[in-house]
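My questions all concern the structure below.
For clarity, chains are labelled A, B, C and D in written order, and residue numbers in each chain start from 1.
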Amino acid sequence: DTPWKWPLSADEYERYARQLIIPQVGVPGQLRLKKASVLVVGAGGLGCPAAAYLAGAGVGTIGLADDDVVEVSNLHRQIAHSTDKVGMHKVDSAIQFLRSLNPTIAFRAHRGRITSETAGAIISDYDLVLDCTDHPTSRYLISDACVVHGKPLVFASALQTHGQLMVMNYPPLPQGDPHGGPCYRCIFPKPSPPETVTSCGEGGILGPVVGVMGVLQALEAIKILASGNLGREGFKREDLGPAQMLLFSGHVAAPFRSVRMAGRRKACFACGEASGLTRESLGSGSVDYIQFCGVVPAVEIL
Amino acid sequence: DTPWKWPLSADEYERYARQLIIPQVGVPGQLRLKKASVLVVGAGGLGCPAAAYLAGAGVGTIGLADDDVVEVSNLHRQIAHSTDKVGMHKVDSAIQFLRSLNPTIAFRAHRGRITSETAGAIISDYDLVLDCTDHPTSRYLISDACVVHGKPLVFASALQTHGQLMVMNYPPLPQGDPHGGPCYRCIFPKPSPPETVTSCGEGGILGPVVGVMGVLQALEAIKILASGNLGREGFKREDLGPAQMLLFSGHVAAPFRSVRMAGRRKACFACGEASGLTRESLGSGSVDYIQFCGVVPAVEIL
Amino acid sequence: MTATETHVGESKGLSIKVEFSGGLEMLFSDQREHNIKIPAVVEEKPTTVAFLIEYLCKNVMKDTREELFILDGHVRPGILVLINDADWELEGEESYELQDGDNILFVSTLHGG
Amino acid sequence: MTATETHVGESKGLSIKVEFSGGLEMLFSDQREHNIKIPAVVEEKPTTVAFLIEYLCKNVMKDTREELFILDGHVRPGILVLINDADWELEGEESYELQDGDNILFVSTLHGG
């Protein structure tokens, strides 16, 4: 019996054959994916397709966080769930789907909403985070936690026929370092007034629109992880060219548009030079995200 | 007992709630989707995500055609299959997945490769066709069949980190009518030399790259079907603005590019003014697609 | 979708393509693209994006809920402004002096997922 | 990825951005973008895309398999040529007269799925 002397197992060579032959992946990239862990926050319209392609590609550990259960109105876009899973915890339903796609990788379930108190303990365990949530409070919280814990964040959002995507805090250099990537607060220093915030539940969403954005989140994560740039000494935001945001409008003849964004904001509350945000202050609940994002005055709700 | 007097069932109002409130869909669009039938040729990297979002959106009848069985090397990108379905017919595996996502719609399995002899009988039964195949011979055949049977075609292809997508033969006006949309032969009158043709098996493919293209195929199909433009008297190709092809390159900073294409080619072999292609000539095998696309000389294969 | 033409005076005008996306088009007659003609000089100074925004509010916006676009005299938080496909932060924000043919895109942040 | 600069003569040159995609970049040193400087006039006629293609073959292509790009003196079947993001059929194909600043994109058709 000759001992197996190759870096991947025989099953892995077969399973990942079609991406192993791509120059951007190769065996080194596949090994990096295998060693990597990704947290997907939100197992909905973005999280379902994103997690499916991450699992397919062989990301070694995938964590899923969500506090919701599957509803029949989710199924037109949340393709990792199914009709017989209505009522089941989304995290469990999605992991069941993902495990049947790829039983050779590890999954971790985080059932419950991510809060200031829990964000640090969860996010610090992963190499990269996908924001697949659907509310500004969670988006600011996740970005802040990624900044203080040094994790790149792949942000996406969608509504009706529109979508947006941006890689943030990449590379995830320390607060105040201008060579790190901009964070969510650099792009959106002040939250939208609450009366302008519309969820997919209220405003509606076309399934493939949010689906495209989720698949593209997986692609960005795979590119980052396979490249080996994460943690590479001296790697700077500028090495990637200008920061870009991708805008999508499904009903327009030229549906995609890449726009150039500024880098880190010196005065950013989270990643800026004088930021007082720390792992401890975040974890102790010093930022009230609900108050920061505001609530719609009662009279408006009527 | 008051009789149910609404156009959709209670379950449908709930299941499709998030897309019913989008102006581009609404109840009329949902009813059109329900009445519609779509044929997805190829249950692989494009067909899996495309069929998932078509099923989610409530397309009334989805046909799947493929002659392959599931292999473990498919699973990094073919997310409707799973590890315990390795060896199963792809069409059956995919339908099992799709039915669990949406048991309220109908599925039809076409197990086997589409040939000149079978293409007409299959394609004529559907309102719209998605080309999710992986070889020029099937792409020319499917396009020709869509032209003579008057069906719009949503074409996509992918390789490594690249993808292409175009809506073809839409509106599907009779051959020679310049107001119909260009067909695959209008864009590619001569096939690529066989030695330049690379499949995903040979050249490799990143899962989310082909995934994005498949999801976008579903979006184009849903937009066409929900709009009600199909079969609308006097509806012309020009009403949609210039014909567009979408190009994708996953490793580029601005990954998407929409390019403007010409309309129908007067001299097109299939949809042109003097085309001799008919349902009968196609069905009788008068076009030899294998010879037309050529075969790599034996010496090149070595 | 056809674009509207809006004229102000005649001599030395700028032709600006203004686009709304992410839901903002709703406030502007559900129209994504507007071709705006404005003077090149206002009160002896080159016309800025600040002037364009005021102009859009007064002359192009049909919705009465101005606060969904402007708050305290500035574009409200949650709207990205892109000058020729670059974040206006890179171009001087409101003080950017418009050039003939510029493309100004207003995008509302999306929160859904 | 940095772009190469290629010069031919000096007076009255055109600056053309040439891009390769869909796998064709492989034939051109794996480089997607090339900034090409060519004369505006060749043999007393305005420079056409046909000349550019010949020029690319002779001066920029590093791969010896010319037949993967050119067949019988023309761009091989299965390659789309886009002039400023429009199919070259709309612009006169090979006879299109290049303008300074033009973008010429060569894309190989993909067949995979």
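Quick note on the criterion: a residue touches a chain if its C-beta (ideal position, glycine included) is under 8 Å from a C-beta of that chain, and two chains touch if they have at least 3 such contacts.
Protein identities per chain, from UniProt: C, D = Ubiquitin-related modifier 1.
These numbers were taken from a predicted model, which means no experiment stands behind them.
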Shortest path length from chain B to chain C (each step joins two touching chains): 2
Whole-Å gap between the CA centroids of chain A and chain D: 39
With chain centres taken as the means of their Cα atoms, state the distance from chain B to chain D in Å. 31
I'd like the Å distance between the centres of chain C and chain D, where a centre is the mean of that chain's Cα atoms. 38
Could you tell me which residues belong to chain B and also touch two or more other chains? 160, 200, 203, 205, 258
Where chain D touches two or more other chains simultaneously, the residues are none
Category of the chain touch graph - line, ring, star, complete, other: line
If I apply the definition of touch given earlier, which pairs of chains qualify? A-B, A-C, B-D
Okay, in this complex, where on chain A does chain C touch? 42, 44-47, 131-136, 139, 156-160, 162-164, 187-193, 195-200, 203, 205, 210, 245, 247, 249, 252, 257-262
Seen from chain C, its contact residues with chain A in the complex are 21-23, 32, 67-68, 71, 76-78, 80, 82, 85-87, 89-90, 105, 107-113
Would you mind writing out the residues of chain B in touch with chain A in their complex? 11, 14-22, 24-25, 49, 52-53, 56-58, 72-73, 75-77, 79, 81-84, 100-103, 160-161, 200-201, 203-209, 211-212, 215-216, 218-219, 222-223, 240-242, 244, 246, 250-251, 253-256, 258
